[in-house]
Every structure is written in C-alpha cells, then in structure tokens.
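Chain IDs A, B, C and D follow the sequence of writing; residue 1 opens each chain.
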Amino acid sequence: MKPVLVIGGGVAGIQAALDLADRGLKVHLVEKSPSIGGVMAQLDKTLPTMDCSICILAPKMIECSRHPNITIHTQSQVKEVAGGAGNFDVKVLKEPRSVNESKCTGCGVCSQKCPTKVRNDWQEGLADRKAIYIMFPQAVPLTATIDRDHCLYFQKGVCQVCSKVCPSGAIDYEQKPEEIDLNVSSIVVATGFQEYDPSELKEYGYGRFKDVLTAMEFERLVCASGPTGGHLNRPSDGKLAQRVAFIQCVGSRSHKKGYPFCSSVCCMYATKEAVLIKEHDPASEVNIFYMDLKVFGKGFQQFVDRAKSHYGVVYIRGRPGEVRMNPVTRDLTIWYEDTNTGDVTSKEADMVVLCTTMIARPENKELAEALGLELDEWGFFKPLNPLTNPIETGLPGVFICGCSHGPRDIPESVAEASGAAACAAEVARRFM
Amino acid sequence: MKYTLYLGCTVQSEQFGLEASVRETMPRLGVELEDMKGASCCGFPALSSVSKVGWHYLSARNLAIAEEMGNDFLPLCNGCHLSFVETMHYLEADPDLKNLINTHLEKEGLQYEGKVKVVHLLEVLHDRVGEKKISGELVKPLEGLKFASHPGCHAIRPSDIQKVDDPEDPRKLDNLIKALGAETFDYPEKIDCCGSQLAVASGRTTLKIAGDKLQAVKSYGFDGLVTTCPFCFKMYDGRQRAIKGALKDSSLDVPVFYYTQLLGLALGFRPERLGLQLNQSPVDGLVERIME
Amino acid sequence: MADSDEREVKFISLMLSRAVSGMNAEVCDQCGKCSSACPVSKEIEGFNPRQMIGKVALGKNEELLKGEAIWTCTTCLKCRERCQEEISPYDVILILRNLAYRAGYNYPSGYDDFVKGVKETGFISAPQSVRGRDGGRVTRSDLGLPEVLGPTDMELFRGIVDGIVKAGKRN
Amino acid sequence: MSEKPRVGVFVCHCGINIGGYLDVPDVVKYAETLPDVAYAEANLYTCSSDGLQKIKEAIKKHDLNRVVVASCTPRTHEPLFQGACEEAGLNKYVFEMANIRDQCSWVHMHERNKATQKAKDLVRMAVAKARLLTPEEEPEIDIQPIGMVIGGGVSGLTAALSLADQGFEVHLVEKEDKLGGYLNKLEKLFPNNTKAEDVIKPLIQRVKETPNITVHLKSTVTDVKGFVGNFDTEITTGDETLPLNVGTIIVATGADYLNPEGLYGYGEVEGVVTQLELEGLIKEGKLGKAKTIVMIQCAGARIEERPYCSRICCSEAMKNATLLVEENTRRDLYILYRDLQTYGLSYTELEWDAKKKGVKLVKYDIERPPVVTKGEKGPVVKVFGPLLGEELTIEADMVVLSAPLIPNEDNKRLSQLLKVPLNSDGFFLEAHVKLRPLDFATDGVYVCGTAHSPKEVAESLAQARGAASRAGIPMAKGRLKTAAITSVVDETKCSGCGTCIELCAYNAITKNERGLAQVTSAVCKGCGVCGASCPERAITMRHFTNEELEAQGLAAIKEA
C-alpha cells in the first residue's frame, strides 16, 4: 500500500504517524524545524496530571525515529501537491543542515566551540544558542544544524571552528537544499499553532516592560531545561518573582486588536502555571485575572478547585485595564476591577504573564495553496463540515487534526490525530 | 506653512500664556498664523452633554469658516481639537445630521463640506517643523533639566479617529522636550487625565485626580510638567494651590509650563513676552536658571 | 414654532433613541477593562462605566437618566480606547446626558451657565483680566494679543443656538 | 544456559558526556577483573554504526554469551544494542545496560574520582546480573480482525463505519430498539443549526447498507472473557444469548441527561422544563406563546456532589435562545450563567450572535443561586447579579434548566464486565488523559464519545474515528508480538489467594481450573506488581528474577 504523508511533527503529527505505522502503513513525517516535538516539547508540565511534558512526549518521539515504517524529514516543507485521494504526488523541499545526519552523534562539542551567539527561539528568546546548535537536549533526530543566516562561514567565509572540532567529521558545508518527491495515498495536516504577539495591546506593556511575559516565555522560564534552570528569576533584574499575575484573554474574545474567538485552553494552563509557582514557593502570591473560567474539559473543574483550595491560587473576575511599571523599583502594578464586587483597585506584581491567543501558523497559507485548500478568515484550515466532518477537508484524501484547524488542548489533538489516521487508513484500503 | 489659528473659549478668555507664547515662537520656526473672523465656541464642553446637535452645529460653524480661509486648521486646545475631529466623523457618518446643520449655517451664509484638515500643535511642531529645526534654532538649551510630558487625553484618544500620537505610548511631546536640550523619561502616569471636565460636576474629585498626577511627577524627580492643552494647564497650574489644600500636601510645588513657553525661553525670548508672569505654579526658579 | 423646528425635534429625538441602541452595549462581556482604566471609578463609589453599559444592555436606561453617575464622567476616553468589543461608554454617557436633559431630570447647573455664556458672547465666557503670579492684573491687550471678534451677527447666532437647544429639550 | 557465562563489557565515552567526567580506561581495566568477564573495551561512541560493529565482532571473536554496555539511558538505546546482539546470533535478553551517564557522569561533573568509582560499581552490578541472565522468547498471539462496538449512538455508528471502511467485520450492539441514541431526541445541533436527523439518518442508513457490520438491537453484552485479539463475548437479545469472538471492543455507550428533580422548582413549579424538553417542544412546535424565557445554567453541575462541567450546556443554551428570539423577536430571553463555556472558534460566535440578537446574559454566583417561585402568570425568577450589584426579579413564562450530562447507569456493569475503571465522576477512565485518551490500560478495549466525558457531536465524531484507528492497529497486523519480560507463576508455591489478580492493572492474571493464578503473557506488561505483592513469593519476573536482583544488590554493596 502507498505511504501516507503527515505534515507537522508536533504531538498530533507524531500520534497520527505512530497510529498509521503501527498498523503497517509507511509514513513520511515532514517537519519544518530541525526536530520533531512541536510546542509540547517546550512545555514544562502538562495538566491536569502535572506530568513533565517532555517525559511523556520524548518516548513517542523516539518511537517515531526508530519505527521502521516512519521516515522523518526535518527542516522540510511541502512545496507542491498534485493528484488526488489514493495518488498524491508531493514535492518536499529539505533545507540543508550542513551536518551529515548519519555521522553526527549529537555530542554537542561543535556548539560549545562555535563563537556566534544567536537568539534562541526555542527558549522564546530568554536565552541564546550558537550558530551551529541542537534544538533542545531531547531533540529527535539528535543532530546539529547550522543556521546559515548567522554562521560566520556562510556569511563571511571565515571561522569553520565546528568542522575542526567535530569528533566524527559530520560537518558538510557543501550540503545543498534537496527536493524529495513522494507518492502517497493520503495527507494528514497537523501544522499546529503559534502564539499571538501581544505587543499591539500596549496597555499591558509587553515589549516595553521586560517582566511582562507571554505564557510560552513563562513555560521556558519555569522549565528545568530553561535559561534559569527553572528558577523564577524575572528577566529585568533577576529578582525572584514572588508575586505573579496572569492576565487571560489577551488578544482573545476581542473585536478590536486580536481575535474574536476564545483559545479554549488558556484558563487551564494559567492554572497549571500558577500551581507550578506555588509548588516552587508556597508563600508566593498568584492572581489569575479572568472573564469566564473555561473548565469544560475532563478533570478541569476539579483541577481548578484543587488550585484554589490546596494551593491558594486566587482567581479574580476582571480583565485588567492596564499594567504599569514603576521606573524606580521596576515592580509592576496591575489596575483591575473585581467585577464581582465592583471595586476598582490595583495589585503589585514582580511578574505578569499574558495568556495570549492561539493563532494559525503563517505557513498554513503557502501549504493551503499547494494543497488547493481553503483557510478560514484567521488562517486555520477549514473542515469539510465543523459538525459532521470535523477532521475531513474539502479535498478527499486530505485530513486535518490538532491546532491546524483551531485552538484545542493536547487530548483533543491526540484523539483527532488518531481519527485522521483512521481516515487515512480507510483511503489506503479503498485504493489498495 | 500657514495655519488658521483657532483660540477657543479657555485660551481667548483666560489662558493668555499659551496664545502669547505660540504667537511669539511660531514665526521664528517659519510657521505663519492667520486669525479667524467670526469664530465661536466649539461647543464641546458647553453643549455636548445637553445638545448633541448644538455641539456639532458650533463645531461645524468654525470648520466652515476655516474651510473658506483655505489653510490647515490649528485649534490650540486639545478639547476643541477632539470636538472638530469628532464632529467631522459624526457628520460624515450621518448625512441627515450634516444637512440639518447646513440649513442652520446657511442663515449666516456658511456651508460645511468637511474638506478642511484639522492639525494639532504637536503635529505642527514635531512632524512639520521637526526636532532638528527646533534644536538648530536654540539660543539657551535647557541643559540638565528633566521635564515630564503631559500630551493630554483629547490629543491622543480615541485612536480610531485621532491620529496625533500613539494612544498608549505617546512620544511626540517627549521628543520635542529633548529637542530643547532638556531630558525626559517615560512614567506610568503620562497618559493619565487631568480631570478638568469633571469640575462642573464634582470639583473635589477633579482636584484629587489632578493631584495624583502631580504627586507622581514629583516622586520621579522631574523638575517640572509640560503640556500644550489649556484645560490641563489650568488644572495643574491654575488649581495647584487648591490641589495642595484638597490633598493636604503642602510640599506640592511642581512648576508647570506650556511647551511653547519653554520653547520661547530656549529660543531666547523674554519671559514676559511668553506670558510666564501668568503661571500660578512656582516657575521662577527654573526661569531664572534658564535665563542665566 | 415653524414646521422646520417640528422636523428638527423629531429628528433629534429619533437620533438620540437610535444612538443608544446602536452603541452595541448588548455585546459587552462585562469584562471590567473600561472601569479599571477609568480615573473616576477609582474615586467615586457610584461611578462604574461597566455597570452602566450592563444596565443599558438590560434596558434599564431610565434608572441611569435619573441618577447622578452619568454626569461625573471626565471624558478622558480611556474606556473607548481600551474596550475590546468597540463599545464606547463615553459616547453612551453623552447620549444619556442629552436624554436626561431633555427629560428634565436634574443635572449640574454649570451647563446652564455654559449655554448662557455662548448665547451672550459666542464663547463660554468673554475675555477677562487675569491675575499674574505677582498679583497684578493682566489683560489681552497688555500682552499685545489681538481683540477677539466673536460671531459678526450675534442676534442671528443667538437665535440659531437657542432654537437648537430648545428643540433638544422637547420630545 | 548450561555453559559457563562469558561476559563482554563495552564502556562508552559518549564523546565528552562520560569520558569528559570519569576515567573510562580505568573502568575497562576494572571490568576485566570481574568474574566471568571474558573481554572488555572502551569506545568513543558505542551507539554509532562502527561502535555496534565492534560489539558484533567481539561476540564472535571471544565467543561471548552475555553482553554489558556501560553508557547512557536504556530508555533510548537498549533496543539499539539488543538489535546488535541479535545480529551477532545472541538472544536479546542476555544483554544488560549500566547507565553511567545520566545518574553518574552528568551529576558528578566536578568529582572525577567519585564518578569513576560509581561507574565501576554500576558495571559490577550489571555484570553480576548479566551472569545469571537466560534467553527469553517473545510469544505472538493471533488477532481476530473482528471489532465490536457497544452503543449505537452517533459515536458508535461512526466508529463502526470506520472499522468497516478499514476492512474489518464489525458487531454493533445497541440496547434500544433503534439506532441513533440522543440525536433522535434533539432538534437542531450547534454550531451551524444542522438538523439532528440530517446527521443521524445518513449514518444509520450507511450502517444498514454496509455488509460487514452486523447490528444487534435490543441487545446487551453479558459476558467478556479472554484478552486482546480474542475476546470471547456473549450478547443477550431478549432471552437468547449469542457467543461472539472479537479482536477488539470499542465502548461508545454515551451518557444521559440529569433529571434535575428538586432544583429551581423543577417538578413543582409549572413552566419549569429542561433544555432537552425545550428541544422537544421546539421540535413539535408546542412552545405556545411563551414570551419571557429564563435559562439557568449549571443546573446540578459544578457543585459539591457533581463537580465536573458538562461542557455543552452553554453552547446549547445560546443556540436555543437564538432560535427562540429569531422565531419571535418580541420574546425576552435571559441566560443566567456562572462561567460561560462557549469556547473555541465557532462556539464563541454562538455567544456573540445570541447577544447581538438581544439575549440578555446575567451572571449569578454559586453562593446566591437564582430562586424560582410560582407567580400568577408563570414562574418568577429572583437572582442577585454580582456584576450588576443588585437583584433582578423576572416574571417569566418559562424557565429552562440546563442540566448536565451524567454517566450512563450501565457504566458500572460494563466496567466490571470489561474490567476497565471508572473515574470519580462515573465516566470511563482512559489509560492516559493526555497521550492515550481513547485507550484503556487493558489492551484491545477503547472508548469514545460521551462515555469518556461530556462533549458535543463534532468532538464525539473525531474521537469515534480515533478509537476506530486505535482498534484498527492490532486487527490490521493480525499478529501481536509481545514482550518477554512478563511474570511467571510457580504453581507449587501458589496458594490461589487471588491477591495478584486483584492488583493487576492490566487484568492479565486469571484463576486456572486448579484455582491457581495463571498469567496471560500476551497481556502482561511486566510491571512487577504481582511479583512484589505475592505472599508466597510464587511469582517471578522473567529477566528480573529474584536471584538476578539479589546478585545485583549484593554487588552494589561489596566487591566481588
């Protein structure tokens, strides 16, 4: 039977690939960054069970890399798609790593010796990486990659330290972009989501005040593999953040600046992050400013009840009007109205976390054009019918799962990924 | 650059400091001002609360006169500026209202079409004259002085129809202060309100709101507060003594200036030509230091 | 009252009533962003733009017209700037003030002085002499400022303003 | 293994990860002194292709019958090295790993001597165990390519159709006399107001037309034995029972609506109905001239005795309220809510449309819930709105209670039958809430739809398809290779007390005809709970026998 193409190596893409591979179908898993894992790999803990995120994800990533039926194409993007269900011809462009994948053992010596520092996007900019780097300690494949835009050799033809120190001679500056032609029976789109940049909501001071973070930046800060090793030292002056405020619906449920929809999961991950802070230091003061607490998932309400009663997290119904920074003490003041009591007041905080909207990835546009699919007004893939065919699309043989068609949490993405795998298996059998 | 100058009630009746300093400094920066004939109140504080149509009629009346004179229209007061911008917005959105108001204007031989461009003093100084031109003309740079900028609510909000400066992080007045050789820095209360429009309903609260800002400005170590709006100036300068009483803060002594007064001093004009004798707040110390 | 005034009265009352319903107060999430940014709600107990919009959304306008709250807004426009659903408590308050004025409910007397001033001088008040910091009196001419020329035909101007304000008082 | 053990020890530098922080050559020299060690060597990267090649050559050259690799974590690299042993002709269970990186070199980076000593101890322990290791076989079991789906609602129908489209035979068991479940009772479905029958009728039609789906109506599953691949089940229809051998089982039994007896005057005050009853009234057009309608959310949910949120009631209320207002714009609609759960892309729009059309939303607090009393014309609702800061009194013509979904009362029976757990709310408890939401811990049994937890149609369909994919995996492969690390019962010592049967999370142990414990190795996950808890010490774990563990333990505390 023809293989199946899975686009996107996050938790949804991994689950779809494993489901299909386990039942005997060959799978091509195309991921645009140097490693699979997606956003889930960046998280510290997951709710409601407080598992360490990478500890439950890495085994699945390793299963993918060792599965005889799965071929992982990293730093690759789908450029052209022709044909139809049962017989898609797909052109994939693989960007060069400038590192020979079979020789590199991921020892990391090259990164240690590389002189060039670059903003580390995987650490959400809270730390630097080198021009030659391994994306994160549990990356799969555990292979280095050269960022040609910042590498001294590619920019100015000098240096070459990495090839000198590499113990297994894996550096290959001559590597060229590679076009891979695939013929597959069906396509599963699992491109995931991106975090909305709240800079335009200037009243919250993101970008102006260094201690106003987005939720992803907080996840990296609190994570043991993060820039501070998990200590909550605030970015401005390294002071330990004792008082933290979470502001919900930043860029969501808004018809001016931002998006009108609700991102479904922020109330819960804010609760989780609040509990993490309380676990770090029970004496810390954590306030969550919300409008309607979204507790609709399995075990969610109980998780919130525990956060309130056991951990002492404080929930205040009121969307703060503004966040201010005292230019002398650098402490932040949040002005809000507790709409349940009607009094307008303020709270001091060492750090403010903005829970922003989960928006579509910009690459969806190019992929949609290649597939000949429609995107909705916010750039998410459109299901064939949001009620009766949520994971099918207008194009037979192309299925969608996870955040590629809207914000949802990990269990739903995983369930939909298996669902998309079922659809792909049905197509594979129909065109056997 | 030629503008039709609109004074507005507060400036023409009592805030002479702003008008004097504007008339004195603008020619030096190549800005020509032409006075209006037959202008009246813009209607904003007077009628907007009791007669919306009356408010838009009065604003449209001044806009109609300005349209005839042909120059860009420069109201000196933030309140009047917002009133004209909002009136143009409402009349464009509601043709019936526009026709009703034009039937009244015809009685005075006037006609409002909405072609005139309303410009704010900050836009003239920052965008058209420019910081380089201003710092080039300096005679007495204001070295070592730290001023807090107060652009005023009606200049920067609402940003859906007001395009003078960024509503949350206004920088133009700050840049203009730096152009005089002085220093300034961002402080959280910069975009807070002076509370003047509340005076008619609750004087005590007005003084508290204005007082909070003055105390903040003092606490951050600024040497003085700078604004271009007569309403805000009247609150921070004219009512500072009343604020001290209301807040029981005898130590409150914040010198308050119109930007064009500081501009005048920096360009070497005499203080009395800039109406500095009318400032009620303790400005003498700073004026003498600048004049040395 | 000529028939044009009749048409004007109907126009104003229709405009005011349509204005409130058109302010989409009904989509308000009651999130509190306006009230937490509002300088007055921090100071005056009964003043809360969010609750006012909440009452308008539930059709309880009459309660607001009779109250004092609508008169203590300082028009700083932060509520309109910050509202994420494009609602403007400021604009709703201005309309409610017009309706209260027309319905004859009480309002700060200062507004009558404003209207009187405009009708008499074309401005809220005529130029006065101002006391300087050193106590001396200063007039416009002392500073070489030009004489203020109000509306050329004050009689005509006063009639127009008077007509519009009176039309707004009847429904 | 009768012949004398010949152990090969391979110590890895792992670049600088180990070699940089402890003396690898010294560990190799030490390994050579250990009993039965026939060969020892170090290499820079044991896991690289040439590292594996060296192991294979050493096995042949030195006739090794045990292999120990001292390097990194078994979690990522054990299968790799076991593969190398197999390629050199050794059984992969005579291989043992010592992790001298993660808990040794990495954590003792600044204490070279102590790290080296610790590495020696870990190697000594691994060799002590390796000497006693014996080859093990991995049994294979056949999987019947026949799926069973319990429940004929929208989820069950979708799962059955998907299994059929994947080429498997399906038995769909439904306890009612017709398929369709709750969708038969609903009028229109959010988010796009599709008629419920336009969703359910085509599914039922396709199920009837699909040859390899056998529908059993008015039937319940009365017995389940066996394990993944061949469950011997029994279906009872009326008074006759039918034995069915199936490979996998999908639970799609759905959920019921709570009867909010005693809440907000339901059953006492006239004009108080549930959202489901309102749906019926709309469907049959029997709404009458009800003008003022008040909906009350969380009627019996998110409270002490029923703490979960039922997820769909807010969207349901928005949909019905909007339909009612569109049908007659003079109607006055109120929704009294605690926290609006209109989440995601399309349900936030439901809330927006409802508000735009004049539906009035009033928040209430759990401490001061609304009170419904009998008025002259109809029910009177008194509610304190914290946002308004005052109490509202609404003379309504009708009060609609949004009651939550509750677990199907058959769940307890099914949970015992299938030996799958329920959670504290009474819904089925999946293997892992995050990464295995549709599987049970017991292999071969899956769950989807509102049996898992309250959810709306679109999510149920996605889960149903997902469960069909999960069930499709073993059935597609036909044969399932199972790990050899399983428990073995020594019948001479077993007293048949049943402790192990009770404790086994994967219900892999049953009582045989002699009343003694018997392990089904295909299902056993080798977790060791039975071995640890057996009072008679009758159960040992292959590859982790008591002797091996004792040898390893003793090696830890004293030099060989």
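Throughout what follows, a contact is a pair of C-beta atoms (placed from the backbone, for glycine too) under 8 Å apart; a residue touches a chain by one contact, two chains touch by 3 or more.
Computed from a predicted structure; not experimentally measured.
K.L.:
Report the most central chain, judged by the distance from each chain's C-alpha mean to the global C-alpha mean.
P.N.:
Ranked by how close its C-alpha centre lies to the overall one, first comes A.
K.L.:
C-D or A-B: which has the larger count of contacting C-beta pairs?
P.N.:
C-D
K.L.:
Per the centroid of Cα atoms for each chain, what is the distance between chain B and chain D, given in Å?
P.N.:
Using C-alpha averages as centres, the distance is 66 Å.
K.L.:
Could you grab the centroid distance between chain C and chain D? Build each centroid from C-alpha atoms only and quote it in angstrom.
P.N.:
The answer is 63 Å.
K.L.:
Using the average of all C-alpha atoms in each chain as its centre, how far is it in Å between chain A and chain B?
P.N.:
48
K.L.:
Approximately how many whole Å separate the CA-defined centres of chain A and chain C?
P.N.:
50
K.L.:
Check each residue of chain B and list the ones that touch at least two other chains.
P.N.:
As it turns out, chain B has residues touching two or more other chains at 167-168.
K.L.:
Among the residues of chain C, which are close enough to touch at least two other chains?
P.N.:
In chain C, 27, 30, 50-51, 78 touch at least two other chains.
K.L.:
I need the residues of chain A touching at least two other chains; which ones are they?
P.N.:
203, 253, 339, 342
K.L.:
Which pairs of chains touch each other?
P.N.:
Touch list across chains, by label: A-B, A-C, A-D, B-C, C-D.
K.L.:
Touching residues of chain A toward chain D in the complex: what are they?
P.N.:
11, 15, 19, 22-24, 46, 48-49, 51, 56-57, 59-60, 62, 66, 102, 105, 107-109, 167-168, 253, 260-262, 264, 292-302, 305, 339-342, 376, 378, 380, 385-391, 401, 406-408, 410-412, 414-423, 425-426, 429-430
K.L.:
Could you please specify the touching residues of chain A with respect to chain C in the complex?
P.N.:
Spelled out, the residues of chain A in touch with chain C are 203, 249, 253-258, 291, 317-322, 335-339, 342, 344-345.
K.L.:
Okay, in this complex, where on chain A does chain B touch?
P.N.:
202-203, 208, 324-328, 333
K.L.:
Can you list the chain C residues touching chain A in their complex?
P.N.:
27, 29-38, 41-42, 48, 50-51, 78, 82-86
K.L.:
Help me check something: in the complex, which residues belonging to chain D touch chain A?
P.N.:
The contact residues of chain D facing chain A are 14-17, 44-45, 47-49, 75-76, 79-80, 162, 165-167, 189-192, 194, 199, 302, 307-309, 311, 337, 339-349, 352, 365, 386-387, 389, 423-424, 427, 432-438, 448, 452-453, 457-459, 461-470, 472-473, 476-477.
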